[in-house]
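What follows are several structures.
Two complexes, one shared chain (chain A), two partners (chain B, chain C).
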Partner chain A sequence: MLAEQIVNGIVMGSLYALIAQGYTLVFGVLDKLNFAHGEIFMLGGYIGVSSVALGASIPLALLLVMIVCGALGLLVEFVSFRKFRSHDAHITSALSSFAFGLVVLDLVQKSWGTEPVAIELPQTLRVANLEFLGVHFSLVKLSILGIALVLMAALHLAIARTSLGRSIRAVAESATSASLYGINVTRVIQLVFLLASALAGFAGVALAIRTGFASSDVGFTLGIKALAIMAIGGMGDLRGAFLGGLMIGVLEALAFQWGFGQLADTGVWLFMIFVLLVRPTGLFAARSSKEARA
Partner chain B sequence: MKTIRAIIIACLAIPLAITSAVAQTAKPPLKVGVLLPLTGFQASYGEMYKVALSMAFEDINKSGGINGSHVELTVQDDQGAPAQAALLFRRYVAEGVVAVLGPISGTMWETVAPLANTLKTPALNWTALKPGISKKPYALRLHPADDTMIPEGVAEFRKKLPDVKRVVIVGDQKEASGASGVEEFRKAAQAQKLEVIELVGFETRTSDFSPVAIKIRGLAPDAVFLSAFMPNTLALLKELEAQNFQRPILANALIWAGAFPQLVGALGKNVYTIGFNTNEPAPQIKGQPEFVTRYIKTAAETTKMPQPANVANTTLAYDAVMLLAQTLRDRKIDGATDVQKARDAIAETLSSMKSYSGFNTLTMRESGDGHIQSHLLEVDVQNKRWKYSLAPIDRIGSK
Partner chain C sequence: MIQDYVMQTGVNILLAWSVYIILLSGSLSFANGGFMAIGAYVSAVLTVKFGVPLILAAVLAGGVAFLFGIGVAFPALRTRGLYLILVTVGIAASVRAMLESIDYVGGIQGFSGMSGASPWHVVALVVIVGAALWLLSRSRLQRILDAVREDELVAASMGINVLYLKLACFGAGAFIAAVAGSFYAHYILFVRPDEFGILASVYIVLYVVLGGMNNLWGALVGATIMTLAPELMRGLAQWRPTVFGLLIVVLLLVRPNGLLPFRIPTTGRAKRRAVKP
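Presenting the complex of A and B:
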């Protein structure tokens, strides 16, 4: 049972990590928080559920969601960040993106209603039908974990090994210096928003598939938790967001196993406060946060 | 030209004359405030009650208002947040309402009930489940609390499923009604000599229920007693299905209201709840079949609620308005009555009320809560509605 809880926590943690990496990407490049991110993640779930309901296969629905959410990310960048790039515009961009998120939430509730919307999946996908060393798995959970890990690994490699990744790291280090080297800073920032939002969209569909519902509530609940994970892992640090996500997922699962389920959410915040007190740069950011992004 | 001028003057003068005449004869409106969660986690509940309340106020105003006054209804969104509910309640008091209907959830009612007494403004609730949080004389709840509903429901559950011996109690430990339901289930299980293997708690905003489901499966109970709002219940059921857990689940009335029977689908086949009304017509109650038909039609026309809308305790929301209207009529209160005198008179009448018969027949307890005999309900999966689980003759308290 304990092993099953841990595996389950890792699956959930991988979704947390995906959302947290979206926050981290934007924060790493702009030093600003995109508060619309959680609601784009939530919207991903609804688009995915509706696509499946209209007959799309799950891979097609995932692709569609990543495209739509990526495009929405570009819009967020244009509306809430393009004009507020200066370092003294943190509050303006935060407020603007927060408002953008509220508009998305309101439109979702007006379009799909306030009830959770169920996704119809074959029972073979939903039920835990695989067993290994006494641990029960469902195909859905394993698939979500697998794809999430592949996506995050691909993102890490893209940032670390490609010229595009070098451009992103250069802008993260200093947008002014990067522009002097001929990097189109606006394009890089747009790309970051596109990637972050596409990942959030994927996470939204994955959560809807995993829980069986798209719910308008998750943009806030999971979005804010992902923010905490980013802080725990290290602001602007992709590896930190990944490891922090997995850690929180497992800790939550263990809290339920050991009878502290009602404190799981509070525990995340207490843990964040504790981490920030003893290690203000986060658990996994070895150097200063600015350096860690490079 | 003269004719045209005469027509223009007549067009302007006639409405003015009518308005002037009405202004001289009509009394000021009676203001009633409503607090509902129209956004946020409980928005779907707010939407369902808004339909019933609007129907009731529409009926009152169509029949000429109260003592010559039109009833002016204002609905404010408390977002399901106690602080917001308290803020809006204060605003209503300042705006001169004679009474406030709502807020609906236990946590919010617990916050607003003392405030209603402090500000000496009547508040009526028709939904909250946590016992002991109503405060006479100004804050009264018509709905039965979990300390009567759950024992009645568990007793019928035992009658229906006598082989159940060991249970796990699962619940939302953050929301007042959720937490109190857990405690009342514990007491009821004890009274029915059921073994409670463990209490498994979670928070209202829990988004991943798989750890809860894994834990429940590991405890291998004969049945689960559940106290949680609908979204959490639906999510938990999905996870229990994923864990191949197929034991009966008895949930308190938190899932009775709302769109649970329409949304749960085949997952609802082992789910029971506790309530005192269903979408099934009850011809023995005057007007109930017509209300059910009208409510479903109105909800379909004016909301995005899943169809057919679940009537559940919306009948009690309607009753709450009618009870308030009857009190206002009896105490000869109209829009011209001094607001504080009107509030005091309403509180005096309602707090001394022993019983009321509308669509529901309720008796008032000393605690300021209503009592309506509750029964075990189960999901009619095919018709997407609740149905009584036991035949009338087998129901506890049936005559």
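Presenting the complex of A and C:
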């Protein structure tokens, strides 16, 4: 029972980590918060549910979601961040992206209604189980965890090893110097929004598959919680967002197991405040300087 | 009907000013929805469970929020910029989540039984706070605050106690938000924790940013427009939230510094006084 809860926590934590990495990527290159991120994550779930209902296979649905959400991320960048590049404008872009999120939320509620929409999964997929050391693991959850881990590993490799990743790191370090070296800063920022939003979309579908339905309030509950997780892990630090997500996922599952489920939400926020006060670079930030970002 | 609009607008103006006061010292607070919640709940408990008169309860609730504001601001002010914003977001979220888990005030179901506030309470309060802010904007204290807001280090080197000022601003903002929350709760008759979460706080900040952060009229105009705009768009029926969101996006693009971005000059009177002798 305990082991199952821990696995559940890790699965949930990997989704938190995916969303938090989206926040952290944007924060890394722009030093700004993208409040539309949670709603893009929420939209991902609905698009996934609908494309499965229209007969798409799950991999196809995932691909579709990542394309649509990535495109929406580009739109957010264009509307809410392109004009507010200066350092003083971080409030303006945060509020603008927040309003963008409101529009997405409202349009989703218009198209799909305010009630959660169930996802139609093949029966064989839903009951498939794996037994290991006497503990049952649902295959769906394990594949979600697997794909999430693969995606995050790919992101990490792309940023650490490829030339595009090097451009992202350069812009995170200093946009002005990067542009002097011939890097197209706007393209890099667009790329970051594309990646962040595609990952959020994937997390949205994964959550819909895991819980069995897509719901319009997850953007504001889980989406905002991931913001706190990003700060706990270390703002602008990918590894921090990953470890922070897993840690909060497991702690939350344990809290529910031991009957403090009610306090889990408060706990995350208080923990974030504590971390920001005591160690503003985050719990897991590799290096305290800007080098650690993105 | 008209009364509802007056009440809503008045409460929102007060909330916008509560953010503006904190902003005077250079910190942006997303915690004011939480301060408002404390005001609403403390005053409601006082009037419903202990029979305290409304005005006294509102002032007491303001006092509690004042102490709470200073208590959370003292550690929070160790952080700067976006980090401080995140901490205040965290405060708003924690206050809401805590209220949800306290059964004494009804938990998620909410709390009811209070009554007795009229729009005139709020109008009177708007006039009082507005007058105080206007006097402040002409005073020496405003220039001290401007110095802190522009450059803390320079202000500190000129002998200004920066931390003390910032704490005072946080306390005053929390007080006003809480008193506004008290009257709001006693007018609407029923409060739930989820009315006061992060969403409420973001809206309050939005009033100030859309109106203009540099003078007290910006907050007033921003709060009024943002409260009444959804009502004016009644003809759009179900498209209201979408149009409202797009309106915010467009306004920020067209006027990123707010509708009224000017600063009220504070030096005029001082110059005159300097010339006199």
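We adopt the following convention: the second predicted complex is superposed on the first by the 288 of 294 C-alpha atoms of A that agree within 3 Å, B and C clash if a C-alpha of one lies under 4 Å from a C-alpha of the other, contacts with A are read in each partner's own complex, and residues count from 1 in each chain.
We take it that a contact is a pair of C-beta atoms (placed from the backbone, for glycine too) under 8 Å apart; a residue touches a chain by one contact, two chains touch by 3 or more.
Values in this document were obtained by computation on a predicted structure and should not be read as measured data.
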Once both complexes are superposed via chain A, do chain B and chain C end up clashing or fitting? clash
Contacts of A:D265 with chain B and chain C, given as first, second, both or neither: both
Which partner does A:A228 contact after superposing on A: first (chain B), second (chain C), both, neither? second
Would you indicate which of the stretches 61-69, 79-87, 169-177 or 187-195 belonging to chain C has clashing C-alpha atoms with chain B? 187-195
Where on chain A do the contacts with chain B and the contacts with chain C coincide? 262-263, 265-266
The residues of chain A that touch chain B in their complex are 1, 4-5, 8-9, 11-12, 109, 112-116, 118, 126-128, 136, 138, 207, 210-213, 215, 217-218, 221-222, 252-253, 255-257, 259, 261-266
Okay, in this complex, where on chain C does chain A touch? 28, 75-76, 78-79, 81-83, 85-87, 89-91, 93-94, 97-98, 100-101, 198-199, 202, 205-206, 209, 238, 241-242, 244-246, 248-249, 252-253, 256
So, in the complex, the side of chain B touching chain A is made of residues 39-41, 43-44, 47, 173-174, 198, 200-203, 205-212, 214-215, 218, 231, 234-235, 238-239, 241-244, 259, 263, 265, 304-306
Applying the document's contact rule, which stretches of chain A touch chain C when the two form their complex? 27, 31-33, 35, 79-80, 83-84, 89-92, 94-96, 98-100, 102-103, 105-107, 110, 220, 224, 227-228, 231, 235, 262-263, 265-266, 269-270, 272-273, 276-277, 280
